[in-house]
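In this document, chain identifiers A, B, C and D correspond to the written order of the chains, with residue numbering beginning at 1 in each.
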Amino acid sequence: MSNISFGAAKIKALSDLLRADKSVVVIGGAGFGGLEHSADVRPMVEEFRDRVLETPISELGFCGMGIGAAIAGLYPIVTIGTGSFAFEAWPQITNEAPNIHYMSNGGIKVPVIFHAMCGIRISGAAQHSTRPQAMLMQAAGLQIMAPAVSSDVGPLLNQVRESERPTFWIDHSLLFTEKWEEHGPTPPLGKAAIRKAGKDVTLVGYSIDLVRCMKAASELEALGINAEVIDLRTLCPFDKETIMNSVGRTGHLVVADECYPAASVASEVAAIFSDEGFGLLKKPIKRLNFDAVPVPANPGLERELMPGVEEIVKAAKDLVN
Amino acid sequence: MSNISFGAAKIKALSDLLRADKSVVVIGGAGFGGLEHSADVRPMVEEFRDRVLETPISELGFCGMGIGAAIAGLYPIVTIGTGSFAFEAWPQITNEAPNIHYMSNGGIKVPVIFHAMCGIRISGAAQHSTRPQAMLMQAAGLQIMAPAVSSDVGPLLNQVRESERPTFWIDHSLLFTEKWEEHGPTPPLGKAAIRKAGKDVTLVGYSIDLVRCMKAASELEALGINAEVIDLRTLCPFDKETIMNSVGRTGHLVVADECYPAASVASEVAAIFSDEGFGLLKKPIKRLNFDAVPVPANPGLERELMPGVEEIVKAAKDLVN
Amino acid sequence: MIPCIPRDELLDALRKMMMIRRLEEACIIAAHEGKVPGHFHVYIGQEATGVAVASNLGKDDYVYSTHRNHGHLVARGADPGKVLAEIETKATGYAGGKAGTLHGCAPDLNFPLSSGIVAGVIPISTGTAWAQKLRGENAVTAVFFGEGALEEGAAFEAINIASLWKLPLLMICENNTAEVERKPGQGHYHAPNFAVPNITDYARTMGLTALTVDGIDLGAVWNAAAEARERAISGGGATFIEVATYTWPGGQWPTLATGITDIRHAWNGEIPEDFKHCENWFKRNDPIFSVTREFIAENIASQTEIEELDAEVRSEMGKVVEFVEASPFPSPNTARTAVWPN
Amino acid sequence: MIPCIPRDELLDALRKMMMIRRLEEACIIAAHEGKVPGHFHVYIGQEATGVAVASNLGKDDYVYSTHRNHGHLVARGADPGKVLAEIETKATGYAGGKAGTLHGCAPDLNFPLSSGIVAGVIPISTGTAWAQKLRGENAVTAVFFGEGALEEGAAFEAINIASLWKLPLLMICENNTAEVERKPGQGHYHAPNFAVPNITDYARTMGLTALTVDGIDLGAVWNAAAEARERAISGGGATFIEVATYTWPGGQWPTLATGITDIRHAWNGEIPEDFKHCENWFKRNDPIFSVTREFIAENIASQTEIEELDAEVRSEMGKVVEFVEASPFPSPNTARTAVWPN
């Protein structure tokens, strides 16, 4: 644990980037953190006024703008707001940005990063709670970040910048205020991290679900179950090795993923063990996803469909006992 | 085999639907079959002129129009053209249509069907070769059809119509001229079909990949390998049982899927065997996807990244021997 | 201006406006008690628009709205109890708690949907209007959206379609930032970032009949809506009505920034101590006050009659609040129902 | 009209136009020999536009195009050999066979991308122009697109952005359906389904400087582009230039519908037997003929000089075709390269 929240770390990292390099620009204004946290974001916007373009309600237009600015040599940080609005810009995010470097046989670089607040935010209802990450994994050429711990934010942002790859950064509405810091070295871009070592069961999460896995892990300790927790950190590249090595030791796997079940991040994790990881599982995996139902406005109904710490703990117990 | 091509069956089924019911309309004009086959589609358009709305190049607008027309009691068949253009309409297809029935607690029905020609079409290049199906599986509330055989088209179209569910119909550019007919009863909506019984290995496909699996199966027979071929037919609902039962018999599984590897249809098939289907596989699954690379214009490069009949045969041989 | 309709209809219109106001006040109070989950948007200051438009629609007409839908629902004749219940995601709401404030609907009143996606509902409304035209019905579709929606390509595509096919569509653009200067790069909430200073120039160029009316002028909106519906039904195509109102001080995270409405401020010229900074609201921008003043001036109703009407509405809203309070939350076993018709 | 520039530059412009024509003829021939994989689009009839615009751009300027990009590339100064090689997806093409006809580019000439998605490139071009403005460069961005692109919301959003921030952008709208009547529901290829009869009214309402020029008039396009670039650099913002040309008979699946160009038809008044039905093409719509006629009339060049120029271009194109013929297809081991920079 630490004193700096994920959101504060995010704003600091962005500000450092803006301060360090005049070619870094922000398109979309005070989107980071969503409305709830716009006050925290404002100072950054004010400090770098001349390099912040506050846009019309035109996601398709301003995400395309980010791509064009990147081609011209700027480093645009495009903030989309709620993850659902990435759908408005889907043609630019999934069918322009990821293809341009390849279509020019490497002649053109598109170092743009899109940020959006995704996920089940409690009463975002059906249209403001989307989790676009699994869909984005189907856009070859697009890099996808989904960190969970404060201490990852700065290093990851810099690694992404250096990678010069078009990137989508998955933020989570509930992650902003979470305080979780890791000490010791940050893994290289594309590697998952073992956030807690354990021998009985492997818990895999990313973004807000990693926080839930950590909370579940401590509850499990109290029950005498020693869980290992893996933070995927990035969804593309996708680090199968770290997951396989862990499951090789524990034989048990729970994956927590807010996506809908079919063709989800959890599906990809599960698929490993019918494939390269064949034979490593001692028991069937527990895939915890949001049920295949539009997200209801009522928090109780939402909770009913939504796997939380409780469900992770229960799944792990069922596996180990 | 039969004399009626998939495309011809499609046009006949659509025409029958239009003839049988005045509330059926077409939005988007002669999109079915793509440019290559527009001549085949024209007569239908002419016959039902007054119920065909040929639209501007405004996918977002006219897909939304289809939703609104469905709400008002029409049965709109919306033809998007190339599957990539579904991205232009992504907010309407994934964040309006699938939510409306639920958001009205069942008070409003949205019986609209979107059609698009998806997939690797040979030199469609990076932007005209998208396979949106796995992404669409992440939109809870959206039904997804992906048939392969001519004799499925009519019955499926009618079943979809009766289901009154918002539906996306995945066509494939190369399927239009394929001639494959099944005799005997059509399975109910949402059930996969065993297209060929076999005992040594299970081949799973859908849309054009089912045709490839069938061709691979006959080559395998010649090699003394008795393959069972499963046609998924629909991706949502997704029929796990039929796949598990088959693999329970064969112990070997090859899945052919043009999607990119991560969070794909093949991932979902593979995931079954770390989960409900745990222990059924005798050997690791062979997942055959298009490599995680934008689609190149050159056919040779495209073929290099694209699993075809040859790769299915090889994968099955490796498993069985 | 006062609409040329019988007195009882005039009073009914004012009554509806008061009902919307009291519902939104109750909504804000409930929200501050933690009873409104999620982000919500109120209709205070725009009541005349919803009521004037909805009063001119027939029962076969369709109505679509946005994130700011509470007032449109009540104006359409929705049960305020079921509206507030839905806002609080109670089982007794129109959608059993599944829609909430963002997605208000009243299926039995041909009010199918409010989309929380800016401009998302506009293409949908064109399809409904097209269906009505195709079937040769004597019915139209009305779609409400904010001026911010014009910044979305979705609105453009829908306007183009509505214009090309002369659809029987009333496009009600509620410009609730009428006083905000239009310059690029405005960050604050729904600041206009639209290159056309006069919104209607855009709609007119796109081939629509377009006009601007004042959102505190019940009669002006009333007549515009009546003519637009007439035009739509007689094949004259879609009309784009910009209804201009000034930004209500209650802001993006609604608070009772102008207090609980005391109807007497309509005529007694007083501005309560705490709200001296909102003089314009009391003197000009509150459509309920302005309509009340007109009614009194034109002897449609006396101050006493207005106070009685107001009291009636307040007591009805009191019952509404009790009803919602007493309503249960949806049972968890309804979470998976109504995904698909069959 | 003849641009007011030195004679050698005039001849160079005509030369470029001829080069584009010969490249497209070679492309169609290759296609009918099965050498052009995928669906392709040619620039025949629009040569004056690409050349006039590109000739007015500096080397730091950026150029973006669409599915109809062959001519824009050559006009920008791209090597015709590498252009045709890319169209045939040969290893020697600008993108080593990865882009093909749809996505033509020339990175070393600031020609980063052609998007095959209608209007897809327009938002991108605004970002490049914004970057140039932010850095205070004396450079502009030119984006080519067809009139059909205006039907996409993407174009609308980009136009709004370009207008709001007065971006140094040349929006070249090539209306190659100038003769087609604008009425709704036209099914045939790129039939206009746009509610604004005069495209420029739309752009002007959106706040852009907008004008229409004739696509067979080299000088008219030339001057429009020169003024637009001047305006852009001096902070006057984006200019929308509609270049009107008539639909070339070669159609959607290109064929040599007007034959292999015989430059003498520019002046000898003959119309070949097989093309009597294309009289307008020979008499009016072929920009190469019309420019040639002007040059001769104004004594810029004699018939003989024109024939020499044409012969030169044809022989160069002959070498280009040989080069492409001799070029290998990309090796399979390049399929996975250049996905990411590092």
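Note that a residue touches a chain if its C-beta (ideal position, glycine included) is under 8 Å from a C-beta of that chain, and two chains touch if they have at least 3 such contacts.
Quantities reported herein were computed from a predicted structural model and do not represent experimental measurements.
Considering the contact criterion stated above, the chains in touch with subunit B and with subunit D alike are A, C.
Of all chains, the one whose Cα centroid sits at the greatest distance from that of subunit D is C.
A straight line joining the Cα centres of subunit A and subunit B is 30 Å long. The centroid of the Cα atoms in subunit B and the matching centroid in subunit C are 42 Å apart. Here the CA centre of subunit A is 37 Å from the CA centre of subunit C.
Contact with two or more other chains is made by residues 53, 55-56, 58, 60-61, 84, 88, 91, 95-96, 99, 102-103, 125-127, 140-141, 291-294, 296 of subunit B.
Along subunit D, residues 95, 98-99, 103, 115, 117, 120, 151-154, 157, 160, 164-165, 185, 193-194, 339 each make contact with two or more other chains. Shown here, the protein chains touch in all possible pairs. Those residues of subunit D whose C-beta lies close enough to touch subunit A in the complex are 62, 94-96, 98-99, 103, 105, 107-108, 112-113, 115, 117, 120, 122-132, 134, 141, 153-154, 157-158, 160-161, 164-165, 337-342.
Residues of subunit A that touch subunit C in their complex: 29-30, 35, 45, 53-58, 60-61, 84-85, 88, 122-128, 291-294, 296-301, 304-305. Residues 25, 27, 51, 53, 55-56, 58, 60-74, 76, 91-92, 95-96, 99-109, 140-141, 143, 162-165 of subunit B touch subunit C in their complex. Within the complex formed with subunit D, the subunit C residues making contact are 151-157, 159-160, 163-165, 184-185, 193-196, 201-202, 205-207. Contact residues on subunit A toward subunit B in their complex (touch as defined above): 84, 87-88, 90-91, 94-96, 98-99, 102-103, 125-127, 130-132, 134-135, 137-141, 235-236, 238, 253, 259-260, 262-268, 270-276, 278, 281, 283-285, 287, 291-294, 296.
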